[in-house]
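Down below are the structures I want you to see.
Paired with chain B in one complex and with chain C in the other, chain A is shared by the two complexes that follow.
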Partner chain A sequence: MASTALPWTTPFASLGDPSPLSHALGEPAWLADFRQGAAEQARLVSLPNRARHLWRFSNPERFLPNQDPMELVPAPAPPPWRLEEDLAAAVLLSSTSVQVVHLSPEAQRAGVVVAPLGHAPVQEFLGKAVPPHHGFLEALNAAAFRPALAVLVPAKVRLEKPIRLRLVASGLSLPRVLVVLGEEASAEIVEGHVGGSKGSLVLGVTEVFVGAGGELCYDLVQRWELPVTGHLTSRIVLGENAKAQLALASFGGEATKVDTGVVLAGKGAEAETYGVALGTGTQHFDHHTEHIHAAPQSHSNLDFKVALAGQARSVYTGLIRIEEQAFTCEAYQENRNLLLSEEARAESIPELEILNEDVRCTHGATVAPLDEEQVFYLKSRGIPHHQALRLIVYGFLDQTLSRLPEKTRERIEALVAGRLHGEVL
Partner chain B sequence: MSTAPHLDINKDYAERYGFSDPVAYFARTPKGINHEVVEMISRLKGEPQWMREARHKALDIFFAKPMPSWGNQELLGRIDFEDITYYARATQRPETSWDDVPENIKRTFERLGIPEAERKFLAGVSAQYESEVVYHSVKKELEEQGVIFLDMDSGLREHEDIVRQYFGTVIPPNDNKFAALNTAVWSGGSFIYVPPGVHVAIPLQAYFRINAERMGQFERTLIIADEGAKVHYIEGCTAPVYSSSSLHSAVVELIAKKGAYIRYTTIQNWSHNVYNLVTKRAMAFEDAVVEWVDGNLGSLLTMKYPCVVLRGERAHGEILSIAFAGPGQHQDAGAKVIHLAPNTTSKITSKSISKDGGRASYRGLVKIRKGAHGCKTTVECDALLIGAKARTDTYPTMEIAEDDVRVEHEARVSKLGDEQLFYLRSRGLSEEQARLMIVNGFIEPFVKELPMEYAVELNRLIALEMEGSVG
Partner chain C sequence: MSEKRPVFALENLRVWVGEKEVVKGVSLAVYPGEVHAIMGPNGSGKTTLVQAVMGHPAYTVEGKIFLNGEDVTAREPDEKARKGMFLAFQYPVAVPGVTVASFLRAAVAARRGHDVPVKEFRQELLRRMEQLEMDPAFAGRYLNDGFSGGEKKRLEILQLLMLQPVFAMLDETDSGLDIDALKVVASGINAAATPERGLLLVTHYQRLLNYVQPHVVHVFMNGKLAKTAGPELALELEARGYDWLETSVGGGA
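Here is the complex of A and B:
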């Protein structure tokens, strides 16, 4: 079928018809229809531009693909993944393939589904947390996503061990992950982004639904190779009394834009977001977080820490919104930025939108250099300068990391340590 | 670029329009905005060529600039620029009859204890407030010190050299759409020049100005404090100002030279039909201190973000504001500080109260330029919510391009606490008294910065606004 010209000048000439892609991936009709609808949306949604709030500090052009997103380009096979820990499931996503590396017998018995998105019964959830009209890049993803994975944890199933997803970047990647936790189910999911090379662009979307009373830990760990550019959008929707803990860790990539959030849609829902970003060289981070309190008696807490060396730059915008009918809510938000060099830059925009009176909200933000007194103190104890700096950064990030579950914390701390010693300081 | 036709009516105005002294011919410009209206205003005032050109240039900028894409789009969208009268001569303004003044405004005057003459002035019944006796002694004292305190039109006539040197240097017309509009059609406002080393002992108030334009729609104020000078200026008043014109767009420029101190206090209480879209900015040179004390109580929609540009080393900027948004009101107020020089410091304290469907937004910017090391800045926003459907927003932006700085921002939102109420009631206060006490405590840091008579009036006004809020 003929491809449709887009009504504006884009770096790529056209957005092809999604049906050949859908056919090639052997997808059911409902999914093909979803892609068609999204392709329509992509033509309606305006291109990201700097006049829009969330694009004020990042150049949108860096995130636009320079090829037709529908085009399937052969990619090298990802390096094999040796599992070193005990997992409920492990899935490797690269190019167009979804490879279930491991699914524990317990998970299988419990009816946990880990499958390509088209082969899972997720029709009613797809596009509900991050709809195609969320933005242009999200519309592109919805029309052309691959590889795509669905994770379903049935009601009342409590997974002891985590599910790990490894998403390997190469060329233009449009990964999509959809997670549905049934009522009173519980799970920890680690979405790890790795790989990539010069010219790699990742436009990812993650949608997560947690049923009433469900509990989820979701770790979004980004450690791309340095030349990668990526835009990751994710939303977690919480049902009544559901709990979510979101851990964000951004280390790699040349330009990274993350738009993540939790919608507290059910009464009594609780959300915690803890994030760290560690940048050096000319890395550019742009993180946006949202906690949307749409139901009464919901609670949220957010703590986001950024340490920057070299000429790295970070932008953080965080929104807490309390809807009109969401009475008796509490929401806290904190963003701290540590500048380790003269050339590092940080922007911080914590925002509150509160539409009813029965709430308690605070937010705080700081940007500060290394405390010379702390450095002096450590040096006076015989610790060399470099190590003193590392200790201080470590301590700075640790205030946030210590609130994560032990396993998650250890994993992220190891990455922080690796990066601090290897590249940053 | 502007698509509006550029009328070059500077050259042959007299031939084409047939009169050179328009005073006798019109009392007010026709509704709507175009180059002819601008020309009429400028001719009427008998302004020098450069000012006339500046007005026309600004009008082109106004046409070319889009409306802000942020803020309260619904209310902004309702402004009809063609349905506004941009200039009316002071003496020819429609003299409202006292009987036409709305009952609630009269009641407020009564409750605040505003003197009779002042009431009429505030209600637009008389063109000016007669305070000649007070004014004469003040004027004499100021003149002896070499202080210039005039309305802006007289300032331009009598001190053209100073005005020309500074006019539009702090807020150029292309700053934003409303600054452009003001530059094109400005009228009235204050012009103050304080010579080096002079400390003006009493706060200067627009009230003292005689023969001044009445508080106008498009005021233009320029205050220059020369090296080491010190001045406090007070604009507005706590009493409600009744206005039949719906768009008020002032521009205020402050220049604090080396070691100078300027405090600018505003209390805005426009009637609830007014759009109050104001641009205020100060330049602070070496060791200068600029303080904005800004209270927003009235208007339908206020968009005002007083700004201090810290240009010289060790300059200090401080912005203290309160906003009270009652039913239907949107107070979109905030503050901006731009740190351009090293070791500059700033502090922003914003307090807002949203009550019964009112909406208060804090929108702020702290910017630290590369090389401005050793800067310190603190931003604190407190919001209090009272009653159902109240809304509060906080949109602070911090852009930091320097590592050797300390930037802090904090915001708190809370409702009138049940525990606090319970405590006060257990001490024998009625619920209404208790509520009032909590609100007064909340805005106390602001009130204590006001001159005594303003503080008293403000407290009474808050009491009035809080009335009937129980239950």
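Here is the complex of A and C:
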């Protein structure tokens, strides 16, 4: 299982056998087979060509593990989690453990399953939204993932309170989350990434399936400690008339690459993605979003805002794809970037692939420095310089956050405020 | 006009925009309880004067600015404001995402030097808004974002009343108002014209001065005060325009 000294071209050529890992985690045969198949693919993948758009702005080598991904290195126990909110379920995931901290009696009675992925009936879903061949890191995750969690919400079950997942980074972790909402089910799930230290690497994959008429709020909140490097891939697949609201919030990490998207696979599906990123120092953000309209009469809207201080850098690429048979669709996308310093840099690249004529689609992108007139106006009312900047940045981001449901909005607003006070300004 | 110390004074103030000198030496003193009006043609430098006094970073300033006897020339705009200087902008700036209420709460806390309890603040805000015939819904709107010209001007006066400055400059707060709005704004200005406070109104029109009686009227031309006199000067300007003053530029009061 010597997997050090990986050649650049096929970085995982000497990837070890996943069965000891599978065995150690007590996984069923179907899952062991899945890992084997994925490992075979992973051994063949090559590092992406930097000219390929998704990797134009981030060096893939930054995301390569420097240890054997198959090796289960014991991780320190995550700090205890005091729940402050009334939740349907709470799960704490470290790089090696899955701990269901809370599952409400209502959720239990309704048949909600929150369990390690190998212990849930999700065989037909695993790898269907983010297949191993999605990319080199997704192939690696499929072969070597842990911790891994499945969340199943049965048909017609409508959870009033959110499910919170807290993923604590340490060393190398390859978390995988799989969520299945049955027909007409509804839930809010918060996937929160925290923790980490120098050398921590997170390579995560999340797959979400929403059945016909289902309604999902998915919050992907990244607030790693600053030295963490991480790559998070997620896809939400929507059935007929299903709705998803994806809230993205990226705050931490030295280098973060997020590849997220919604596949509107059923007729009449609706997707909304609202996101904010706030960076400083030498933080590097690379966000890619996709709204894939694969069915007629589907609607999507995206609004992503980025504010950068220091020498932080952000790249955003947003793909809207409307497939040939997806008639009468609407898709809107907007990305705005606010630069608080001369050294901060942002790029915004919309990508449209529209394969039929019967659509309404708009997109917009801006990168702008801080408006000195705004700063002067606020200061002329006695508001000190830094507080004025904070108000402006907060307002800039809050215009997007205000589109989210109240509770979700408040939660993310508090994080924005905390980060603005703590580190950015 | 008073034995007291001026609340505001300028000593030979000169202002440059880049290489261009826009304000070319202005001296004046405003005593407690006084209302001064500055009138002058478009582009003569009135806005530049008041913005530079407030501390806009685009300008280079020479000379001295005194607030309540203290030399505040080198102070940051926020320090000046906390010490009691106020400027109602000719073109108030929109700050999308920041509500009027949260902005005003931050401003009031800064000016008073302490936080005001939410409930107390709300009551005060609503009372002032009512005084200015503003829909309470404005408290929840984003600051000047999508406001009509008249709404912006009302909001400037609301801020004047909430912040209770020592000395306030109002840059064309009467422009673009219909008659009803003008009356409301004028009543707000009159409410702010207390015996302790000094006001400086920049205006083009006598019609504001029908509602707000100035004690002193200055004519500002080509970067200088061309003439200073009593309220009758405003009427004369209304009748004769500015041309007749052209020759006396540099004469001052």
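Just so we're on the same page, the second predicted complex is superposed on the first by the 411 of 425 C-alpha atoms of A that agree within 3 Å, B and C clash if a C-alpha of one lies under 4 Å from a C-alpha of the other, contacts with A are read in each partner's own complex, and residues count from 1 in each chain.
Keep this in mind: a residue touches a chain if its C-beta (ideal position, glycine included) is under 8 Å from a C-beta of that chain, and two chains touch if they have at least 3 such contacts.
The model shown is predicted, which means the values in this text are computed figures rather than measured ones.
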When the two structures are overlaid on chain A, which partner does A:A368 contact: first (chain B), second (chain C), both, or neither?
first
Dominant toucher of chain A (residue count), chain B or chain C:
B
So in the superposed three-chain picture, is A:K379 touching just chain B, just chain C, both, or none of them (first/second/both/neither)?
second
Taking the superposition on A as described, I'd like to know which of chain B and chain C A:P121 touches: first, second, both or neither.
neither
Look at A:P79 in the shared chain and tell me whether it touches chain B only, chain C only, both, or neither; answer first, second, both or neither.
neither
Looking at A:E342 after the superposition, I want to know if it touches chain B, chain C, both of them or none. Which is it: first, second, both, neither?
first
Considering only the touch criterion stated at the top, classify A:G281 as touching first (chain B), second (chain C), both, or neither.
neither
In the superposed view, which residues of chain A touch chain B and also chain C?
none
For chain A, which residues count as touching chain C in their complex?
371-374, 376-385, 387-388, 391-392, 394-399, 402
Taking the complex as given, what residues does chain A use to touch chain B?
51, 53, 324, 337, 339-369
Chain B residues within the chain A interface of the complex:
69-70, 354, 383, 385-416
List of chain C residues in touch with chain A within their complex
54-58, 76-78, 80-82, 86-87, 89, 92-98, 102-103, 106-107, 110-111, 142-143, 159, 163
